[in-house]
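What follows is chain A paired twice: with chain B in the first complex and chain C in the second.
Our next item is the complex of A and B:
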């Protein structure tokens, strides 16, 4: 379906460069902030104008842009929201007078893909998908379609979002984030509502060719709705698809986020798994955000390749044999749902 | 405000406005070119500087030719501010 040749991630955990997942890094004041590297590949004159979402996305993507790509496909729910709000605040503060252009230029959602295109001098396909909690998945679907049209071409696909004070405050008021009271090491012991805020950027170099691939996406389904039976139906449908039927799922990577309202969805999926399917969680590492599933995709690629599953991720069971198939299930606010199955790539013929 | 003090304040404002991560206000020389060689600012920075003059000193620069003469270095900016500031 879609082959992953390279991948990179900047997240609240040491995932960038040489990933070390064994030791869980703690949240700060109910937030999991991305660990930013030194960004040696970004010219300082450009770096100083970038908002965090743009910085972490470009920082994660640059190592994958050394080889030519036919295009850039990014999924982001909010893009550079922090700079966007700075710009809007200026309009009020200075009574619609003179406004600085920097905040505006860098705060549009498509500034990430655009900056990547400029820095890497890539003039190919350049698209940004903004579908809230399914932004990354829509970017993947786009990549699947365009690589079918151009089987020889490689594309950069990614998902990114930042913690912005505006978004954080709104989501706290709406009850989606907890503003205090729990650290990420105890995220799943919480019995109330709300989760921890998080952020991150995950980038992938993909194509339709298995040659040299490190992982493959063997199935994907997305849907919107709040009905548990729909979750069952979509999962049944995915598992019955050609190429998926009968495959053993070694690991379920669950987007469980400590919010009691989301548990029925995750429990429904868990009940569908075979008895020996191990279950792991990742939101205590990343926090909750609209494109957290992109970090899950990075984790799936990493786990398939390195075969190391830290204890703090495991919810149930132990993977007794090699992990060959990983099913990622994630829901954003119980309304947007995605299933992605990642597998070890078949050897190229 | 004395000229020397105004220069220090302006340097600080430029570093903050333009988010010059690796530059300290005291590192900027009074006669160091703002654009090209020197501080290495670009066209977007020039708009930021015009906004800075408007917000902090009540100065409106509308003629690009005038702007080119003002935004040369700290000396030219301070000279213009002292003559035209309204706040």
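Our next item is the complex of A and C:
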């Protein structure tokens, strides 16, 4: 369906460069901030003007941009939200007086894909999917289509969002984040509603060709609804697809996030799994955000390749044999849902 | 490859609240740009805009929208989507079947509520009813709920080319078998946020805009929505077809965050790619609905790249002179106007033009004219170098 040749991730854990996942890094004041590397490939003048979402996206993408790509496909719910509200502040506080346009230009959600195009002088396909908790999944679907349409081409696809102080306030007011509480190591023992805020940028170099691939996407389902039977129906539908049929799911990577309202969805999916399917979680590593599923996709690729599942991720069962198939299930606010199955690539012919 | 046909459309803009009224206004050369009346801004009497003179509460009444937290942007989208659905004769069962996808574009989303967003973002009051309504996705999340959609839903933002990309994306979903019919288009409402943003970039004009004129002085913002229903011809052999979507291409200028390169690589590649995907040559294009924002940069670069590709540039116009620049809706409104032109065999005048740009000498069409059209190109170029061209052909 879609082959992954290279991938890179900046997240609140040491996922960048040489990933070390065994030791869980702690949240700070109910937030999991991305660990930003020293950005060696970005000119300092440009780097200073970049908002965090643009910066981590470009940082994560740079290692994958040494080889040419035919286009850039980004999923982000909010893009440079911090710049957006900085500009909003100027409007209100200066009563629409003379404003500087820098924050405005950086605030548009397409600024990330645009900057990536600019830095890599890529004049190909360039698009930004902004469908909240399904932004990354829609970007992946786009990648599936475009690699079918251009089987010879490689594309960059990724998901990114930042914690902006303002978006954090809005999400707290709406009850999606808890501003007080215990840290990420106890995320799943919480009772009640709300999760931890997180951020990250995950980038993938993909194509329709298995030659040299390190992972592949074997199935995807994107849907919305608040009905548990819809989740069951979509999962049965996915498992019955020709590319999926008969494959054993070795690991379920669940987007459980400590919010009690989301548990029925995750429990429903867990109940569907075979008895020997191990279950792991990742939101204690990433926090909750609209494109956290992109980090899950990176984790799935990484786990398939390295076969090292840290203990702190494991919820149930054991991975007794080699992990060949990983199913990721994630819901954003119980209304947007996705399944993505990642598998070891077929040997190149 | 399956032929993609347009089976319905809906438009709301400063020159009319239906496709028929937009066509009337276009034919009569009506300009909908004037002073802002419906919201408070320091620029209300200074910077003309293409405002739809229907207050948000009236829109709610007309649309029977009773849900809390609904923004003007979502209502404008619903208005156009409803018209498109009814024009295409889709039954409620078809609308809410799993095969019907909705791909909507917007750049402003719920940020039209600039003041409410400010207070919620600073947590300086109790949360407002709009906490889940500010992002771009809020528009399509609302449409999904209101119209009980079960198929694939997606939101695209590539700045001013957003809804051209939504149309292209919907066609690709149909061709790749991910949907049976696609409701595609875009929307944006006027917002203090965008007025101040574009003003800070010094590209808003204090006069009514004059696309492709030598003495143009910038763009006027507008608001509106346009949606199309796309289906595969083989699935609807007996249905009325307004046009077919025969070509499309998305390319990037990769030059500057907020202006186009002198040679116009992005626009050139988008137009050229659209021709290639339609299997047409440049001589086959009878008319171009240009992006034509009336900024110094866009109109010069668009002219240069049209000359570069076409040599002999076909008739063209910019409907920004009627509606203002509707940002996330602009690509879909331009597409809808191109389809009207094809379906009725007529071209609409570009307003405000007097003298051609010295370097290029190109003159847009300035009179209403009946004309046989086979293929019409619709251009949309945006910040971030995001350029997309669509080609519609007579069915």
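Simple rule for what comes next: the second predicted complex is superposed on the first by the 349 of 349 C-alpha atoms of A that agree within 3 Å, B and C clash if a C-alpha of one lies under 4 Å from a C-alpha of the other, contacts with A are read in each partner's own complex, and residues count from 1 in each chain.
To be clear about the criterion, contacts are C-beta pairs under 8 Å (C-beta built on N, C-alpha and C of every residue); 3 or more make two chains touch, one makes a residue touch a chain.
Here the structure is a predicted model, which means the values were calculated and not measured.
Student: Following the superposition defined at the top, how do chain B and chain C come out on chain A, clash or fit?
Tutor: Once chain A is superposed (C-alpha atoms), there is room for both chain B and chain C without a clash.
Student: Let me test your reading of the model: by the given contact rule, A:132 touches which partner, first (chain B), second (chain C), both or neither?
Tutor: In the superposition, A:132 touches chain C alone.
Student: Can A:101 be said to touch chain B (first), chain C (second), both, or neither?
Tutor: Touch status of A:101: both partners.
Student: Which partner chains sit in contact with A:242 here, chain B, chain C, both or neither? Use first/second/both/neither.
Tutor: neither
Student: Tell me which partner A:224 touches in the superposition: chain B (first), chain C (second), both or neither.
Tutor: A:224 contacts chain C only, not chain B.
Student: State whether A:87 touches chain B only (first), chain C only (second), both chains, or neither.
Tutor: Second partner only.
Student: Quick one: is A:151 in contact with chain B, with chain C, with both, or with neither? Answer first, second, both or neither.
Tutor: Neither: A:151 stays clear of chain B and chain C.
Student: Tell me which partner touches more residues of chain A in the superposed arrangement, chain B or chain C.
Tutor: After superposing on chain A, more of chain A is contacted by C.
Student: Quick test of understanding: once the structures are aligned on A, what is the angle at the Cα centre of chain A formed with chain B and chain C, as a multiple of 10 degrees?
Tutor: Once the two structures are overlaid, it is 70 degrees.
Student: Examine A:43 and indicate which partner it touches, taking first as chain B and second as chain C; both and neither are also allowed.
Tutor: Neither chain B nor chain C is touched by A:43.
Student: Once the two complexes are aligned on their shared chain, state how close chain B comes to chain C by Cα atoms, in whole Å.
Tutor: 9
Student: Could you give the residue numbers on chain A that contact chain B in one complex and chain C in the other?
Tutor: 98-101, 105
Student: Which residues, counting only chain A, touch chain B once they are in their complex?
Tutor: Those residues of chain A that touch chain B are 44-45, 47-49, 94, 97-102, 105.
Student: For the complex, give me every residue of chain C touching chain A.
Tutor: Per the touch definition, chain C meets chain A at residues 41-43, 107, 111, 114-115, 117-118, 120-123, 126-127, 131-132, 134-138, 140-141, 144, 150, 152-159, 165, 169, 172-173, 176, 178, 192-193, 195-197, 199-201, 250-258, 265-266, 269, 382-386.
Student: Along chain B, where are the residues that touch chain A in the complex?
Tutor: Touching chain A from chain B are residues 17-22, 40, 42, 44, 47-48, 50-51, 54-55.
Student: Touching chain C in the complex: which residues of chain A?
Tutor: By the definition above, chain A touches chain C via 72, 77-79, 84-85, 87-92, 95-96, 98-101, 104-111, 113-115, 117-118, 120-132, 134-135, 138, 141-142, 144-146, 148-149, 166-167, 169-170, 172-174, 222-225, 335.
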